[in-house]
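What follows is chain A paired twice: with chain B in the first complex and chain C in the second.
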Partner chain A sequence: MQESLNQAKVFEMGTVVPANNITEDDFTVVSLNGKENEKIDTPKYSYWGSVAKKFLFSKITIFMLILMLVILLMSFIQPFFSGYSLSNVGNINDFKARYNWPSAKYWFGTDANGNSLFDAIWAGARTSISIGVIASLITEIIGVIIGSIWGVSKKVDRIMLEIYNVISNVPSLLIIIVLSYSFGNGFWNLIFAMTCTSWIGTAYFMRVQVMIMREREYNVASKTLGTPMRRIIIRNILPYLTSVIVTDISMALPSFISYEVFLSFLGVGLSQNVPSLGRLISQYSPYMTTYPYLFWLPVLVLALITISLYIIGQRLADASDPRTHM
Partner chain B sequence: MNNSDRETLLSIKDLEITFGSGNSKFVAVQDVNFDIFKGEIFSLVGESGSGKTTIGRAVLGINPTSNGQIIFEGKQINGKISSKEKFETERKIQMIFQDPSASLNERATIDYIISEGLYNYKLFKSEEERVNKVKEMLEAVGLLPEQLYRYPHEFSGGQRQRIGIARALIMNPDLVVADEPISALDMSIRAQVLNLLKKFQREQGITFLFVAHDLSVVRYISDRIAVIRAGRILELAETEELFKNPIHPYTKSLLSAIPIPDPRIAKSRKNIVYDPSIHDYSTKKPKFIEIKPGHFVYCNETEAEEYKRDLK
Partner chain C sequence: MKKYLFFRILRSLLSIFLVTTITYIIIYSLIPKRDVFSQDPLIQKLASRPDKLIDYKNNAYHNMNYLDYYDTETLVNKVQKATSNTDVSGSHGKKNFDILNKWAKKNGFKIKTYPSSKRYYAIRDLPLWERLGRFYGNLVKIDTPWSVQDKNNPNLKRYLKIENDKWVGWALVGSGTKYRYQIYFNKSFPFIHQNIIHFDLGTSYPTFSGTSVLDVIAGRQGATVSKKYNLGHGVIINSADNVYTRQYQSKTHRNAFDYDRYKDSYTNLDQNYQDPSMIGTSFRAGIFALIISYAISIPMAFFMARFKGKLFDKVGTGVVTLLIAIPSLAFIYAFRYIGAQLFGLPDSFPTQGASSFASWVMPTVILGLLSVSGLVIWFRRYMIDQQQSDYVKFARSKGLTDNEIYRKHIFKNASIPIVQNIPGMIIGLIEGATITENIFAMPGMGKMLPDAILAHNNSIVIGLVFIFTTIGVLSVLLGDILMVIVDPRIKLSTKGDE
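And then the complex of A and B:
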């Protein structure tokens, strides 16, 4: 067919062809190809590919991502080289090492004990970030699992609502402080105290989301195909909730870091020998006017950590919503 | 045609479906009686809110019934039945949904959507067999096997509806409830889907319960039709019989409302308006009475005599 088309005289677009020049030979029969009708020409769609494309599209996101990576690398690698220890007061008698303002030698200056603030901040950031990440992971995992069951089972709903009503009416800060007092100070004790009740908020949030999704028609369709509830949750409902879960994580992570800072400031939570941003801030708060760098640098690093985590989380949540992919 | 020697696949007896309880109780469907024979396309027609979808969903076990029986292959499938029995009948009765974009999981590939039922009932021996089954099914509904790993939103409405048909029919069901399968589709692709359903009825002997409100579509596709209004079946007959000799006034008014694609004829036609108050059911209770062989009408005895007289 292609050949016969080539043999026919080809006219430019818009030229007027005299009617008597057209013969029957100029026409060829083109049959309708049913298979061709069904073809989809758009490139293959990949959910996570589109998420990555959308996520990396913004320059602010890339800047925040780099900032976060630098902070993470510094706080997880630098302490190994500096060997910073809170209880090390070896320089306390070296007067030249005390209260140095930030300089080429001491980037962030030194404190009353002659310890470098630069080392102290990264060692502290490591603890704070670890607590934030671990606590929000535990909260989200327990919250999402329990929330999904809560959202589909009427029996569980009745019991959980009562538990939720009781727990959510007690201030969470009070619960955390009481728990960390009674279990004693320590890294894992603090995480336990923070996650002990925080998951119920996430679970309640997930319950509502699951309830909205579960009566959608495609879930009814899955039910008529004999799909068990567990698979409906995993394959049908949770994929739709990716972006709300990511949003929730992006809010939980900075808030856990702030909790740790606040508790350490009050002197509850971590044991005496563990450095953290909260401890640095509380320890240096008397120097706010005399040696302001001692107080403001840890605060600045804390702000950078929470802001970058929050913005990245929000951008990731937006990008993971397929409605933004168009 | 004699219906008595045909095999009954689904039989509905005195079905009643209510929603809510106490003061807010609402009776959606009542006194519904009909049989569906093996291999036929049985249509339920009625206006919006008449309860046709509710009946379809009750057959699938999505809507709980408050009274009456649904008997499928000789066994009751509504009310309290063991989860094992329910699981078994779920495979045999499948559903085609009205809205193809709402009824497909947007985050799953076509491969998973069509195989979902196969996974649940382990209807394959090896991964290869499963993929082959899915590919065969895709070709049977006119889609291309290379589209296996695409997502629903990449398809057109007609293609999506055919995916919905494929996922129901791959289960090898005995009965398929098609809940207005073409009302969400464009005019130009309705025939495509209807012909596909007819093809499966002809080639595989699948029985359909077809729910629709479009009478011309129903006339084209079905073997028998039941007309439903306000939760009650008013008339049931074979397709041509119903269109030629409608007995119940409501059916007559429905048929007079079918659009005619010729303005001159349409202008001269008289539309019949149905007024439910013409029935006086205060003394004699109405029943589902067989006026002619295979032609049932919901009326009381006085009306039945009248209808029979009019026939002659």
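And then the complex of A and C:
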């Protein structure tokens, strides 16, 4: 094969080859290979593979990913070993155990009840992260589904716009507090109260995005060819909007966590026995000058959680944008 | 355009109405009635006196518009008037009960007895629609010379006159009206004031008990201050009275001293207070925060877009990312700490009060900084989008310098959506001040909202939502109009369906 190729090249290049030098033996008979003919020889392309390659390219991303994994593992595994509970006041009479500054024994020091702040922070982080993740998932799923229907149907648009005008004007704080009054405080009640109106913001955002994509040439062509609208949304529009949706999630996550902190600061939302970072921060804000570690360590952990989640989300959004895969 | 504006305003009014109604329904149907007393210390004190307890509870419900309540005395009076039967009384007995019950059935009331004295009282649960009807029915009050109907004062003159009053100067003065001064002028913003149209959003309860909601939200706060009134002929009176608010007061209620001073029946007046109202506090902080946040973010976004991909852009993006990702509570605490330690600013608003400039600095600056990140992200994006457009390429090929292109062309075009956003930002900053106002204990609307919800002060909550929605809806409208003024190419009214 190699040899004949060389000869062909030589021939091509225009070198004069005497005709009597080529004999029958120089040729081999090749049968026609149907499969080989059909094969288009381009490098294999996988969308998610390319996303992963792009995503893992940056060192900052990998650093943030490791940081996030450490935080996640700590907050979901550490509480099982520490057995931290807000109602545990075993050390409350032990004056030596109270307000210990961070040391080798108590890494993050101890609080007014003589409990280790290290345990409290991770137990609190677990609640805060869970609230952020669950609430943003619910918001995004409902928002994306309703938003894509909203964006393509003019009938739905007319009704939904009025609903949006009304709901977006009712202060969400009011809804959350009123719902927590009528259903009581608690983890799932809080998530319900947070998500029962927040989805409309996402839906409105998706509506605008879908409306922009709806009139693009490739969708008009697809529509002309008779593709049903549902298929156009699922196959044509939504894949194009992946990066937009991921960006939205990465902004929703820190904002939900931050909102939980604010609600705990007001004393609304979670029931008394559930630890959360918001509760720690609001509880220890008076100690900012006397025992600063009690206040700043939860704030630091909270900031690390939201920053790592946000940056990873942003990088993932950048990587999932097909236009950058050149 | 005019037609569009007309329908747009109509739709805005409808939105305000719907939001207020929904809030009303949410509050009155979802929160259990008995929660009102969950933090009331009086309930424990009254536990040993069941009659008093029932009276107290029903009065509270009555004040909060849950039900109509007549105690024994009022009930008997009502029945005597309605049936012209004078020998009915409130004490326990079959005859009394029959007469009272007959009246009650006719008017939809229920007759009940106090547990210890066994005397009768009447209550009627108000259906939601009736409460709503009362709320909207009383919402707007217009003052006319026939507003005051006082049997004890049949000779009250009824007129509206423009005259030079010795207390307030030139004004439209009324008699027979509820307010003495219908239109008047003074030095405070907006210089021309009126007392003809008043909004009545109900009465506040249980916090600020008995004060009208609008007075709580829009009335000035703090300690009273006295002012000098020069009445001519060398008479100078030093008084804390706010003479602009003179209202009619019947003979039985007024005191001789005030009557002697004002020489007419308009002796019911408010005092002058030194601190701005809740709306005023939020508004001041909001406007200055807006200026601060634009002053920081517009130049920052401009230079980030101008030197895209360079060091300044990278550092700026990092700062913005941090601002977005850090929870606002942590951010506020951190800045408060820095401000208090390094600059010696008060870390709580009431320490030095509203009259001191220093107490305004930190809440306002922090409020402004909180919205910088969003503005920078969007303005940078708009500017970068403009960089690719044809007119920029054309300008460049004509030989304009980069500086000129950025300053004269890109900046102007990119600021159109920003201009549209300004009124929205104002309302955002006023509402978003909930966190800063709470942390700095600043007496504004943002602090009032959670306080009122937690205290079950239903009328204040509804009043606040009404005000927020009105400002919010109107600011969106104003933003659209502003955008049309800045960029005449934009048309709000579209023909047909796009």
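Going forward, the second predicted complex is superposed on the first by the 282 of 326 C-alpha atoms of A that agree within 3 Å, B and C clash if a C-alpha of one lies under 4 Å from a C-alpha of the other, contacts with A are read in each partner's own complex, and residues count from 1 in each chain.
The rule is simple: a contact is a pair of C-beta atoms (placed from the backbone, for glycine too) under 8 Å apart; a residue touches a chain by one contact, two chains touch by 3 or more.
Computed from a predicted structure; not experimentally measured.
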| item | value |
| --- | --- |
| Contacts of A:V299 with chain B and chain C, given as first, second, both or neither | second |
| Touched partner set for A:Y218, first chain B, second chain C, both or neither | first |
| Partner chain in contact with A:F262 - chain B first, chain C second, else both or neither | second |
| Which superposed partner A:N236 touches (first chain B, second chain C, both, neither) | first |
| Which of chain B and chain C A:Q272 touches, first, second, both or neither | neither |
| Touching partner for A:T227 - first (chain B), second (chain C), both, neither | first |
| Touched partner set for A:N33, first chain B, second chain C, both or neither | neither |
| First, second, both or neither for A:Y181, with chain B first and chain C second | second |
| Partner chain in contact with A:Q314 - chain B first, chain C second, else both or neither | second |
| Overlap of the chain B and chain C footprints on chain A, listed as residue numbers | none |
| Footprint of chain A on chain B - complex, ascending | 60, 62, 87, 90-91, 93-95, 97, 99, 102-108, 112, 116-117, 120-121, 142-144, 147, 149-151, 153-155, 159, 164, 167-168, 171 |
| Chain C residues touching chain A - in the complex, by the definition given at the top | 11, 15, 18-19, 22-23, 26-27, 30-32, 35, 321-322, 324-330, 333-334, 337, 431, 434-435, 438, 449-450, 453-454, 461, 465, 468-469, 472-473, 497 |
| Chain A - residues contacting chain B, complex | 34-35, 38-40, 42, 44-45, 47, 216-218, 220-228, 231, 235-236, 239-240, 322 |
| Residues on chain A engaged by chain C in the complex (per definition of touch) | 154, 162, 165-166, 169-171, 173-175, 177-179, 181-182, 251, 254, 257-258, 261-262, 265-268, 278, 281-282, 285, 288, 295, 299, 302-303, 306-307, 309-311, 314 |
